[in-house]
Amino acid sequence: MFKPARPIKVGVLGATGAVGQRFLQCLDGHPWFEVTALGASGRNVGKKYGAVPGWRLSSDVPKYVRDIELVEGEPGKDWDCEIIFSSLPSDIAGETEERFAAAGYKVFSNARNHRTDPDVPLMIPEVNPDHSSILRYQQQQRGWDKGFIITNPNCTTIHLVLALKPLQDAFGLKKVLVTSMQSLSGAGYPGVSALDIVDNVIPFIDGEESKVESEPLKLLGQLVESNTRFVDAEIAISATCTRVAVREAHTETVSVELGRKTTLHEVAEVLQNFQSEPQRLQLPNAPINPVLLRHEHNRPQPFLDREGAGAMATTVGRLRHCSILDYKFVLVGHNTIRGAAAASILNAELLTVQGYVGN
Amino acid sequence: MFKPARPIKVGVLGATGAVGQRFLQCLDGHPWFEVTALGASGRNVGKKYGAVPGWRLSSDVPKYVRDIELVEGEPGKDWDCEIIFSSLPSDIAGETEERFAAAGYKVFSNARNHRTDPDVPLMIPEVNPDHSSILRYQQQQRGWDKGFIITNPNCTTIHLVLALKPLQDAFGLKKVLVTSMQSLSGAGYPGVSALDIVDNVIPFIDGEESKVESEPLKLLGQLVESNTRFVDAEIAISATCTRVAVREAHTETVSVELGRKTTLHEVAEVLQNFQSEPQRLQLPNAPINPVLLRHEHNRPQPFLDREGAGAMATTVGRLRHCSILDYKFVLVGHNTIRGAAAASILNAELLTVQGYVGN
Amino acid sequence: MFKPARPIKVGVLGATGAVGQRFLQCLDGHPWFEVTALGASGRNVGKKYGAVPGWRLSSDVPKYVRDIELVEGEPGKDWDCEIIFSSLPSDIAGETEERFAAAGYKVFSNARNHRTDPDVPLMIPEVNPDHSSILRYQQQQRGWDKGFIITNPNCTTIHLVLALKPLQDAFGLKKVLVTSMQSLSGAGYPGVSALDIVDNVIPFIDGEESKVESEPLKLLGQLVESNTRFVDAEIAISATCTRVAVREAHTETVSVELGRKTTLHEVAEVLQNFQSEPQRLQLPNAPINPVLLRHEHNRPQPFLDREGAGAMATTVGRLRHCSILDYKFVLVGHNTIRGAAAASILNAELLTVQGYVGN
Amino acid sequence: MFKPARPIKVGVLGATGAVGQRFLQCLDGHPWFEVTALGASGRNVGKKYGAVPGWRLSSDVPKYVRDIELVEGEPGKDWDCEIIFSSLPSDIAGETEERFAAAGYKVFSNARNHRTDPDVPLMIPEVNPDHSSILRYQQQQRGWDKGFIITNPNCTTIHLVLALKPLQDAFGLKKVLVTSMQSLSGAGYPGVSALDIVDNVIPFIDGEESKVESEPLKLLGQLVESNTRFVDAEIAISATCTRVAVREAHTETVSVELGRKTTLHEVAEVLQNFQSEPQRLQLPNAPINPVLLRHEHNRPQPFLDREGAGAMATTVGRLRHCSILDYKFVLVGHNTIRGAAAASILNAELLTVQGYVGN
């Protein structure tokens, strides 16, 4: 099993936000990465992380970060690290991440800004581990020496595509119709007002459906022309995204039309046997099975299944025929761990083994 | 506007249950119907309705029923009425309703038992008001003199079909794919355990999907062969039914494929202009518009829209193109008023005008 | 029954906020008051009320206000009215209300700013209807001609004091220990983040306990020295205020020590028979019984009891002995109707009959 | 640190219930105790534990119990163990536990039935570790040879008394007034109907207040007359117990009158420095600090603090003066771990070191 020669230093942009807190929780005790810098906005700069109010995870602030002093989110000597994990809000993420990349940092971003850039990989290690090969072209195009930007998808997309990838590989994939019931944490903090969601459903999440309809096409697409251009997969996706009163984990009802006829049994086999590059490489955060298939009639449920495989798996259940498309199922996945913070970290683990980091 | 010559006496079977309470609330001050008999199970028989604990609506027990004495749910002299509204649980509804019909009562049932009987109408007054014409055949077949059984659909079906009917009429209808997020009251009382639904979604409701996939076919189908046989509509429906932490009103995300090409504008027009027999007849519980079309980007919401048109309308919003089928939208409807108690009452109002009742 | 000679024109400051919406709902169809002016903050000025998004009550925007144009919240010709109802946030309420009073408007404020001013009445019509007598002194002190400011208490205080007043009158009152479980709407909109309250309790509400411990003393106190000075009641109050995941209505657990020995029966009698000035005057919004006493072992509950007496009553239940003080009970009251908007309106109704308004 | 010579075999009565599941979760990997028998009711007898549906904790069924076969809850050869942990419902717990004790088993019960028996210890190891000394007398009285019954208190009592004990020791304790906001899991499964608690508070829990008012008196009392009789502490306690929509952890607002004057600072010191017998003995489940004192203005909160010290501590916050009694505070504690399953286990750990078990 791979192990870097020495600890790799990482910094976190947006360290006090909802996803930032998950980054620090997921990096606690990481075997390869060492947190050396934490960025925050104005009024918290200069404070120790442990002295900033607003930690909202049920575990306490990890001990290892309590005494780290928050610094401004701009490249410079305060950022003594090779990797930048970014959970910045999208109004500032775009340009800040570029400044860090230009300054030589390797930026793993959870923000949406660069996901659709033609020279930026949008990656899930189980899905398109080869898409990092565009990075040399990215650096060349942008005149960056050592730095680069790599992104992970939206939380709803990640879990959807983890379930779609084995189907695409085995049978081909033509149509996907999905309704999501998304959790509160996906909207950040303070995010959703309690008055909008207690005893209610909100049938709309701004910008979400277009992400869910487009990001999978890049993820399931090809990197062509000597690793310089992405070609989208030819899949039709239709999404309706809603918000429900669940703290954590998105639920998605999915119907798919496959490329060839198969059987329910084969579909089940393919889902539960799915393993890919992170499993082969035994990356620290890789689940043994990225897709957990459950056979109980009333699973998956966000409360019961969000922690599946250390919150790194997508749990699929209720697999059955669909009278309109071919098959349908329900999936549940943790949106701020596998769907956000740990998505970036797993990308960084993959790129470390691939040699883009730690050298 | 029609008015019966004298008040029509009605009784309610299952009067203390969740839907039974809604029956009594909806019948409070009804211009045509007078409640004269209330049925209950064993331990409550003989008590006055107001003395039975467990009223769970936010309004108080209506004054007019407080002193009515609960009687056993079997036909006989305690049941001095013409109409029976039944909200019995399905384990006893089937046979009890038949005994009442055989004894000459006109039974309007909210239970699922007889919905699929080939000689029993499954009706929504706006959708298939002519299906009552099979009743003469029903009576003949079963040897019933004055009594009959008529049913209303499942709560999820009712709101779905209210939105589908105008589309079928205007454009034809080929495919429907629906995901429901159903409310707690739909499961009765005590129904769903709080531990199963707080901070959670349950992706399964026993028996629900098969109802939603089949009942619309009878509702949107034809009554043929001199009013003796129903022929199902030829529509493919695929449903996923889930439960969410909402007290009242179901939310459904719906994609449809129509019979002919049209425009988004035309679809919107057809939905919001939909009116049918109950509106023409000005039935007491008929909403002016059975479908309310909202244009805000984040509506309908169960908390905000469940009371629409006195809880008698289906509110549709987020109407837009679907990249897999033709159009998609979200609907919200009150499941225990329009979706249950008032569904039976509206059927009874229609049949009164049609001459099956009150003579 | 009193009726003013002509409709009295009223304006609402903060008309688009959570309490502002309740003001407009409560004033819909008011027999005496006619809404002629609505104030809003910057970006909504000039819009028609019906065109402003964000109505969050389950009923629709009342028809009568949809076409009223929002104006700036400063006295002037846009404010063609005698009464001002203020639901302004406390950071601007203080000075704005003074400017309106100085300009001759009669200000009925729901804000906390002037509640403790020594020349401003803090009133609940059932509790201290005579406290308006200080208004002449207020005008004299402040050099105001026709205008004045009168306030209603905090929502938690109102319901507590409605239950305390009959006890004070009948037995005297020495100590009150209260724990509140307050609703989400009490924090305004967006107010409480869903992530802070789903599956949680927040044991703190900023500034709330000091209001609950002090406001009752003024309400239950005396107006002395020729109506120029308030003397607080001598009661010790200890409050703990918490927030729970309830949309509307505060629940309070209360223990009291009375001035003299009595019986549980007498305490119950005194609570349920409580009637006061608004009942005698038959004010339009006065409930027949300001205190509803329930005898079921599991009442009052916010969901079931918040609409009691048109949401104008305090519902008391679980009345029993306390082994530390004398008696204890639980109360529930609607916090944005009786606890806020309708509190101001009832004050205005009282002052109209008292001759301070409408002349 | 103590370690038994060999693993001590334990069985769990009521192993499939809500508290039973917690027992198995808490016993997973226990250094001293080995689970050898699991009891269940009729229809599950003979099944493997892993094959019984209804596990409702967010972690999966522990591996070590999956293959254990469920047996009937009666003493006999199926119960090859020394210790019995009982989470039986109270309608059968009383006699079943006696039969096990009579048959030589050492019964640690979470049920209420024997808590008030004059010869049965009601114990919290930090509070009254010496009360086990009555066991010889119990055995003698009841004619039991090796078996005995020992109980732990109600979940609400446990956390209350963990906070009261250090105050009693340091200052004496005269009066306690408490309002609880209890979690859903405290009612077992299915327990509370979602329709009763979503958007609601239930101000009553059957039998709860009398337990909270009486159990602390035995816990904080004395064992006298050569370890044959308990004398209650002389403390007046007044409780109001309510249910809120929280999955896990009870919140309690507490006011106390102490035996002597002290300072807020001293009270805080005494609470946070509290350590007792389990800490001295370093029992496996003993938290380092049984009381965690938090200084943030808005803590403790059940969502954030229920896992404090491995869910074994009581978290106290908002410590301040009370204007009626002396001091007041808010506490939060996990009700099914420290408040139930782990309470029994910690008692068993203590009695093992004390020599009552494992010999």
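Here the chain labels run A, B, C and D in written order, and each chain numbers its own residues starting at 1.
By our rule, contacts are C-beta pairs under 8 Å (C-beta built on N, C-alpha and C of every residue); 3 or more make two chains touch, one makes a residue touch a chain.
Keep in mind it's a predicted model, so treat the numbers as computed, not measured.
By number of C-beta pairs in contact, B-D leads when B-D and B-C are compared.
The greatest centre-to-centre distance from chain C, using averaged C-alpha positions, is reached by A.
Once the centre of each chain is set as its mean CA position, chain B and chain D turn out to be 49 Å apart.
Put simply, the C-alpha centre of chain A and that of chain B have 43 angstrom between them.
The centroid of the Cα atoms in chain B and the matching centroid in chain C are 41 Å apart. In chain A, the residues that reach two or more other chains under the touch definition are 56, 198-199, 245-247, 303-304.
Residues of chain C touching chain A in their complex: 18, 56, 184-185, 189-199, 245-247. Per the touch definition, chain D reaches chain C in the complex via residues 175-177, 179, 181, 199-204, 213, 236-238, 240, 242, 244-247, 251, 253, 255, 297-304, 317-318, 322-325, 328, 330.
Note for the complex: chain C touches chain B at residues 53, 56, 58-59, 198-199, 296, 303-304, 306-307.
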